[in-house]
Structures are given as structure tokens and as C-alpha cells.
């Protein structure tokens, strides 16, 4: 008999809708898909949002109280798509009720919360995974393979950045993402969590961090009262120097004020034997340089090879096949597919809450470093 | 009461599955979407394919005889995803039964068939649209807006190409796409139809054509009998010189032997006032050059602007919003959404069968030109 | 004793000055350079131009009559930098006086002239070379090596173009390059000669040609009488279909109306085993695709490698060394160095007048094709 | 009467030869050039080097003792192309004898030396300029114009890097550039000096710095005794966080271990109104983003414009004209031309020794920061 995944989703804003779309597409893209996915319930911020969710996606049930949702017996998987400050309560409650959980990044508001979450996840044995879906970009999956094969040799240095420009307009109003009490952090939490996870995915654990943060636009209008200004206390830009356990050094930047760019996640790594470059605005390609390749005159034809990663890695896409270009929604589908597969096959998830905690630690260390103006060892957090 | 679209799909191979996925995603991406889409029936090549379609997408009904499908009263929209040689019969039959039709390119095996199809479409008044979905790439939609605003000025010349490399391996077996009696033509039909449609979409009608075609790999193994070779009679590469009614001249190439590239549809247009460049392998960008812009020293800062078209055109995407990168499946969703919207709102479709006929005419003229080694006026076809 | 090259230059406009600069730089870049180069004399259009040449470059002697120059005993090398319509007379005269010759492209006004020139060159045994200096771009030199090593396998097709935009302004006045009686041809002569030579250099001889030419801007103001218009009879744009002796097919375009681009010479070649791409606006790189490389999962990591050709080919530059970027003047220096080395070492030159004749033949065939609207076999010229 | 520049060059290695070539080319590229440049004397490391200099470039005089050269009455301009540890002595001596000086970067071994040099330059009133020739890349000159016009608005952040890969091979032997006592510093001195100067040129003075330095390859073979290893004490990689006086923040990296790249100097700047990007490996282009440009639907066509800077800025090149691509030697010619023009016209030079001192200060502050692990205010140096 086919396993049934009975899904409840907490939060039906932009990202909750993305998760919903991903669920619906999984059986269409991955074939045969050995489970039935039922979109059972949703917790939304308002009745209007409830109606929309039920209409768009066929959720059978809606509530504005997440407790009601996560306690239901007819749901076994919870997607946490609520603002950061609600993660802890939702996750704890859902775990108490034995639900498997797929959670948006960052895991929590701080390391203390994140540790409790991880601890309870271990105790309950529930499946858990973070929405750090850039790990599922084929180019990144190929990069991971290469790193594991030793392609880079000894890693010297890296440059990582996740750059947005959406907040350059000082009239853009206040929101929970700009409010420290609801978001927990600024660009570092929002964007930095993704790129920190990728650096760790590719290069292993962080040893220590030195950070500089800056809030350039220090107040913004309230959303419904444009004449009143609210103070912004989170970082517009965070810049980190990082030392890795493997000896590599590098920089990492998270910026909401990178005028001119749109959704630019970049990573470059230089090792003794090879180098790798990736830019999310060109998501179908991975650039690799092989220092061992000495074919050609005068010590080899030096140059980066721009691999069409498209949908070829880790294995060719079942659908629509390896040769067509992909974009942002595809990574969400692939990431969620990975999670539900681990549920179905009862195998370990990755990136899981513990990976979320590792990111949380380095973010907390970074804020501490910026405040204390000193290097912070991650193990001291 | 909400309009109901009751869909029957003819052909559940790769492309039929893509249409199915597009239908399922329309209400998720476009919100509110004022109709109910029901995936009612499917005509597949085998019982296995039938089972798959019903399981994956919930089709209620399956047959291996398209007549059975298109005659059903509980279906009002037919998607034609069958091999080219079947289009004519399917379309004629479906139109007789008053179905609205969304049809894969090319419209038919030849101009004679295509004309009959167009004629019957006019007589029956059914809604009809071609799957020429690259018109719905945001970059192309922005290009179209610019052209209509007169951005280019007087158009001098263009370079257009649709380049694949999938057939460079001579061991790749024979298939209906390589069989003239089933495909009708080769690279020109398969790839050329898309790029011809785009050139016409942006620059208007063709005046005349001169073509050179070549079949480099003249025989290929049979699919199930690799020791037997079948003759290939269709073009691997077609190269066209074109004269447009607006006076512009240009080249257009369709190739299945473009070693090194993957799915590369390119178009470049030079006009007296501006220029445009696009490459489907970088689908999120449109490059534009404005010859009127004289800001900067010495007659202006010359250069192409690389516009982030992403999901911003013709208007920002409702979901997932304008800023995320997109890929190949997205154009199918947008194209099919456009079709069903025209059904719902009872407005004229585009590109419709007549547009399909226009492409068919220039393809037939091209083959004639290659054979006769002379310029062929499109109006002579 | 070191050989002495005693140079006389015919024409001291832009290109004559470029040749002069190249001579002066040769001993500085190539070290040790086993000859003395003396800039002896110049033939310029006016006394002002004479003064400038003597002042800038130290020419000892100047005349406005080329005969006087080429007959001098104290000169053994002639650079022909005069307008096209003068080449024949200058070259014949110079050869009669036994001078070695370095000549700007195109070789002559037509094939008849070119044949006489080649004939006399053979009879006199003088060293002769064409200024087809793009052969000396390191990226092209690496491409040539690869082709000779069989990197491409069986060549299927190519796309070649040399695109300028300098004539898009209809107010740009008439000049000898636009005057058929002085230039001999239009964009095809001026730009096409370069790219035709490169295609032939890389892919061998042409079999036949079909051409379309167009003059979009049919009259232009006289240089000194802007109210008077002169008729333009040469091509603004020429587009050629070509069949090569090796079976490859392709297109070649020469355009002076390619709005938006600047000095864009492009070549792409697809073969059964590999592909090559080059663009003169990024002259420090050659892109190559190796179809044999199956390393990586699923049949190999497909992708073009962007080789830093810089100054590494055919061997690392003596100065300024292989790693620094280069531009347009560098190819002139390299090309002229090649010529003078052949003089010094008494070895065969390449590209020589005969190569110039080959280009002349295909250009003449192209014009004939455009007029007669039929394929023209090069051997029929 | 035309001014005479009588040049003596100290050091005839690679860079001394480059300066020599630049001198010879100035009158050829800049026309009319109102001075006579005489290459009078050279100080080289050996008699062999002397011979080469005299033969290649026609120097009349050669010595291995710089004092002899700089004291000569028949020389009025000195180019300092010696290793870093000799700069101080050479410059002081040359200034005592009233010579105008063009000096390779970095100015000196440390700030103390640099201050004395600047002080004596002021007292003597000699003309002095640094070889920070990337200021003379047309793209950078255009960037400077844009910055001065306020194009960027309030500057938020920047990313700057100068990346080489030449030292990734651990067998590359020791040299003066790797020896702290002769080079003064490592990648930061060698590469960082260039990019620090560019950041300061475009964004103004530095406020403070935090640095991390690393020596990955800690010993290297001696040049002539490959079995003996010498300790490397200078940085392979230096990474700086910087705070500018204008409030901007950013990172700057100098690396000799950036596997895969060649000579990659990059700078990106984000301001409230615009953004700028440059990469020296594509030296003919400047990318600019104008946040004010709201033409096009939905708030404007967002995107970077890739300006063909080629040879168009600050004004079109007299020769070879604005449209041809340029490379590394061209910046040297332009930079040295700028210097000699200031001598001829008796106008202030820039970048001069004082600009060199500014760079020296931030480099010294960076090393101090790395050692003390604290932010260092530049004014504290």
C-alpha cells in the first residue's frame, strides 16, 4: 500500500504558497512517486488567506491558530512557513504531536531556541529538514560531488555573497523582516543563512568569524501609517570574515542594499587543485577550473569550463529531462521532494535542524563579533 | 458561476505530460484564476502510458483511440500533443466536435493540411492556439513591447538560430522526428518553427526565402534493431536567408548538430534606432541597445543594457513574483494560461492556427528553395 | 652582420601609422630581434601628412608620388597602406623594383588584378604578406592548432560574422570606402575579407557561395559639401551561405549597420568531436567544447571551456609575457613581426598574396551570386 | 623650442622594459606630442641587462650603480623600476639631484620611508607620479567621471579584489617579492596597492581597516638551489574590511593563490542611485546601473548597461581611435603620457607620491590590524 503524506502548512503567505505548489508538483515531476500527498490543512493569518488556500490548492481545512493544525491526528507532516519569531513555538508543538517537519530558514530566533528544537527533534525522532533549497540547485549538487571527489585539493579561500537590492528605496515600509523582535536579525538572517549553509555544505564547519554589520537606512515608514517612522535595528549589510576548520579563509556578505542586482547568490572557491564559481542569476551553469589539466601547449590550456548543469545533477531529471533551463521554483520542488523521500524511505534528512543550528551558531557568533569587535570562535557559542 | 474547462489531451509522451503539468499549475500561479480546470481524459499510445497519466495527473478516462476522446461531450478543450503526422486528423476531428484546441508546433505536415485546418477553424469558430510558447518568455514579451513602441526604428537585419546538439551522436536511433513520413521535416520543422514564429512575431511577415539544407548523418540504427540502419531524409541543419516585408534581411538557422550547445535559441536584431539580443540559455535577460541615448561624453555611453526580464513582463508575475529566475516549464504554463484566458474571456487567441500556417508556409517555401536553388516568394506558396 | 630592413610605407593615414607603430615596437617586444629596421621613406597624401610622418616616426624621406618611393634603392620593404584602387599599381611597381611587400587587405579591386599580382610575385620571388592580422590573435592561433590536431572531427557547420556599426548614421559622409570605383566593394571587401580569410584559415578552401547583398542607405552627403548627396553603390550588409570543400556549410556576414556592436568579429564552428567560439570584442579568450571528454557523471560534464589565450599562443609572448590582456594594436605588431621574420629567415610567408587572391575570388563570386541569384562555384571564377 | 625630456631608468627587468616601451610609444600614440623624449641612461642589474637595454631601446649610457645615473646632469626624469627595498634610497638620491620621478608601486617599504619621500618631494618641488596605471584604463576613467557627477548617490558598499594565481605552485621558487626584507609585504603590497588606490580614487579616503592575512605556502625552494627551502613570511592572501570616510563599507582582497584566474582586478560599488562594476580581464567594458532610470513598465527596465569604454574615455584616443580593444601595455603608455604631460605643462601630477603614501598607510594599518586583531584607524598610523 502506498504511503500517505498528510500535510499541514503553517503560514500561507508567499512562501507557504511556494511550498504548496511544490507539493502539488512532486508527483508530476518525479515519476513514479511512491506516496500519496494530501494537502489536508492550513493555518493562515486571516480568513481571506484561508479561503485563498482552500480554493487554490484544495486544502480541506483552515484555521488561524497553528495549535489547532499541528495537533490534528489526520496530519503527519508540518511545513513551517511562519515568520521567524513563531518558529520555536510551532516546531516544539508540532514535535510534541509527533509530526515530521519541513521548516523555513532560519531555524529560530537564536541559538538557545535552536538547540532546544534540535534536542526535541532527537528525542522525538521526527523527520526534519530545513528549506535551504539552494543545496538542490543542480549546479550546487555538482559542486558538492566535485568537492567530495577532492577536485579542489587543499582549499585556500572563498568569496560568498547573497545580494539583494529590494531595500534600497528608503520609502519601502517596515515589515517583520526589518523588526528585530520578529525577524531576529536582518540581511544576515534572511540571506546570510542561505549562503552560510552553502559554504558549510561545500567546505565543512566554520572555525571562527569576524563580522561588520551596518544599518544604512535607520528608519522606515510604518506600513499603514506612512507618516510615522519606525526604527530599523537589524543589519542592511553584514560582512563576515571566516576561518574554516579545514584551514580555508574567506569572506561572506549578505546585503539588502546591493543596488543593481536582483537575487544574486555567488560563491567562488579556490583550492590548490581546482576552483569553482557559481552565480544564482545564471543558475543553469557551474564554472569549474581544473588545475591538474595540463593538456595543450605550455602547461595546459588554462580556463574555466562552464558546465551546463541544468537538470543533469545529481542525476538527470526524470522530468522535464536534463536539457531544459530551470529557475527558482524548481529548487523548492527538488528540496521538498528530497524531504518527503526521506520520510517515505525512512532515511536521514539533510539539511536538517542540526544543520539549521550550525547556521544559527555562526550567525549569532557574527552578531556577537560585530558588537565586541573581536574574532569569535564558533565553538564558544 | 465559474466557467469549467474540461480538458482532453491527445498524446501523453514528454510533451503531453508538460501540458498536463501546465494545466495543474495555472490556478496556483495565476490568482485568482476564474475557471475550473478538469483534466478529464487522455489518449495515450499504450495502456501503460494511460495508467501513468491517470495516476500522475488524475485523468478520469483514458483511451488509445483519439477519436473516442475528441468526440466526448464532457470535454471542451483538446490539447494536441501527438506526432506531427497525426495533427491533421486529430484537429479536423476535434473541430468537427466543436472543441477548442491547443496544438503543438508545427501545425501540420504541409501547407495544404494547414490551410484546411485554418479554414475549418474559421468556419467552426473554435478557439485555437499554437504551442509556440517562447512568445511567452518575459524577455520576448518585453522585446515585443519595445518593437511595438518603435524602439528599433527601421529594421536593417537580424540573426536568428535555434541550435540543438542532441543528434551529433550517429548512434542515436531513428525516431518519428527523423522520419519524413511522420515528422514532415527535420530540424526546420522541429526547431525552425519556433524561431521562425519569433522572427515573425517581432518583425512581421516574411517576403521571401532562400534556403540550404543538409543531412549530415544519412542513416541511423533502428530503435529496436541497432544493427539495421534506416535512411534519414530530413534536414539536420537548415539555413535560411530571409527578406522581410518591412525590408529587413537576415539569416535563420535550425540545427540538430550544433555540437557544444544545448537548447540555444538566439535572436539579434539591428535597427536604425536600436538593437535587441536574446539567448534562451540565459532566459532571464534581454539585451537592448538604444541608439538614441546620447547621455555621457562623446556622443553617449554606447552599450547594451542587460535587462532583468525575469518575471517582470508583460506585467510582474503574480507568483512567484517578478524577481525570481525562471526556466523552460514556466513558458509552457504562461502560454497555456494565455490560451485558457482567451477561452474564458472569449477574446482572440494568439499565436493561433493562422500563425501556425504562416510558419508552415515559410518552412515549405524553404524546402522548395533548397530543392530548386532559387528564392521563393512566400506569397507563391 | 645583422640584416637590415629598410622600409618604405605607402600611405600614412590611420593604417599607415599603425604599420609604422608596429615596426617601431617589434624590436621592443621580440627580443632578441635579429635585424635592424630602418624607417626610410613614406609616401603620403599631402605635405602635412609627410611632416607628421617624419616628425612622429623619424622617416628620413617623404614624397606624394609612390613611384618615387618604391623605386628607391635604399628601400627593400614596401608596406602598401593606400586605398584599394591603388593597390594594383603600387604592388606591380614595387615588385618590378624587387621589393618585399606587406599589403593591406583586400589585395586588389578584383580577381583579375589579384591574379596578375600573384603571378608577378611568383616570377619575381619577392616576399609578400597580407595584413590579415587577425590570424595572429593568440586565440585564433590556438584555434588553428586545435583544428590541425583534429580537435573538431568532421566539421558540420559554422557561423562567421564581422559586424561594425559605424555607418548607421545616414549623415556620415561619403568616403573612398563607400565609393565602388575606389573601394571596389563595400562591407564585404572591408570587413568580409578578414572573416573570409579566418574561415579559410581554419576550415580550408571554399567550394561555392550564395550571397545576398543590400545597400540600405543609398546616398550620403559629400564630405565637403554636406548639401550634396552622392550615390552609394556598395553593400552595407553582405550575407553569404558557404559550402566548404571539406563538406561543412555555414553563413558569413559582413555588416556596417550592426547597430549596437563596435568591432565584433565572431566565429563559431561545430564539428563531430568539438566546437570552437571566438569573439574579437573578448579577444583574450577562446571557447572550446570537447565532445570526447566524458569525465563526470551521465556522459560527462558538458560545457565550453573559456581558455585564457591572452598572449600564450602559439608560444608565450616574450614581452609583456603571457598573462596580460591584449588589444588591437598587438595583432598588427605580431603580424608584421611574422612577415619580417620570414624575410630575415628566408622562409615562406603566410597569409601571402595567394591567400589574398583566394579571398578575392570568394568575394567576387559572392557579388556575382547576389547579382545572378544563383550558387557560384569558386572554381568558376 | 620643444621641451626635452631626458630619461634615466633605474631597473631594466620586466617593468623597466615596460616603461621604456611606453616612452617610445608616447609620441606615436599622442599626436602632436610637444616634447622630445630622449632615453639617455639606464641602471641595470648586470652588464648583460645593460647591453640588452642599449640594444633594444637605444639608451646611450648604462651603469649598475643607480647613483651614477641619478646624478647625471643630462638626465631630468628618473623612472624607478627597482625592487621595493631600493625605492627609498633611489628616490631620495634622485630628488636631491632635482629629478622628476615616476615610481613603481608601492612607494616604499613602510610608512616612515614613504613620509620622508613625500616630505622631500614637497621641499624640492620635483614632479612625481606613481605607476598606478589602472587609473588610466578608460573604463576606470569613465567610472571616475560618473562618481564625480554623483552617479552613485550615497555609497553603501563595495567589493574590491586583485586576484592572481601565479603562486599556487609550491615549487615556484623564492624571489624578492616573497622576501619580506626586499618586498616589504606580500600580496597586499604587490596587488593590494593597485586596488587600494583604485578604491580610494573612486570613493575617497579610508577611515579604518580590519585585516586577515595568511601565508598558505610557508616555504619555497631557493631559485638556484631547489633542494633548499626558504621561509616565506609575507602574505599569500590578504583580506581587508574597510570603512570609508564617506560612510561606505566594503571588502578588499589581494591574493596570489586565486586558482583559476589570471590577472583579475575587480571592483563593484553599490550606491543609493547607481552601481558600477569592472573586471580587468574584460578591460574594454564598464558596467553601470542607473537607479534613477525609470523608463519602461513597472518602474523601469532594471539592468546593468555594459559600456564599451574601449578607448573612448576620458576623451577618444587620438590613436588608434576609440573603437579598438586595448590591453595591459596601453595603460602604461597612458599613465606615463599623463606624467610627462604634467612635466611639460607644469601642472600637478596625480597619482603622486602623496597618493602612494595614502596607500602605504592603509597597507601598514592592515598588517597591524592582522597582527593586533583589531580595527585600526588610518589616522592613527
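Letters A, B, C and D mark the chains as written, and numbering starts fresh at 1 in each.
Definition applied: contacts are C-beta pairs under 8 Å (C-beta built on N, C-alpha and C of every residue); 3 or more make two chains touch, one makes a residue touch a chain.
All values derive from a computational prediction rather than experimental measurement.
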Chain of greatest Cα-centre distance to chain D: B
Pair joined by the larger number of C-beta contacts - A-D, A-C: A-D
Length of the line joining the C-alpha centres of chain A and chain D, rounded to whole Å: 41
Cα-centroid distance, chain A relative to chain C, in whole angstrom: 54
Set of chain B residues in contact with two or more other chains: 262, 302, 304, 308
Sites on chain C touched by chain A in the complex: 142, 145, 285, 288, 296-298, 301-308, 312-316, 322
Chain B residues within the chain C interface of the complex: 154, 156-157, 159, 161, 165, 168, 210, 212, 214, 216, 236-237, 239, 241, 243, 247, 249-251, 253, 255, 257-262, 270-275, 277, 289, 291, 302, 304, 373-375
Residues on chain C engaged by chain D in the complex (per definition of touch): 14, 17-18, 20-21, 24-25, 27-29, 31-32, 52, 55-57, 166, 262-263, 280-284, 308, 310, 319-321, 323-330
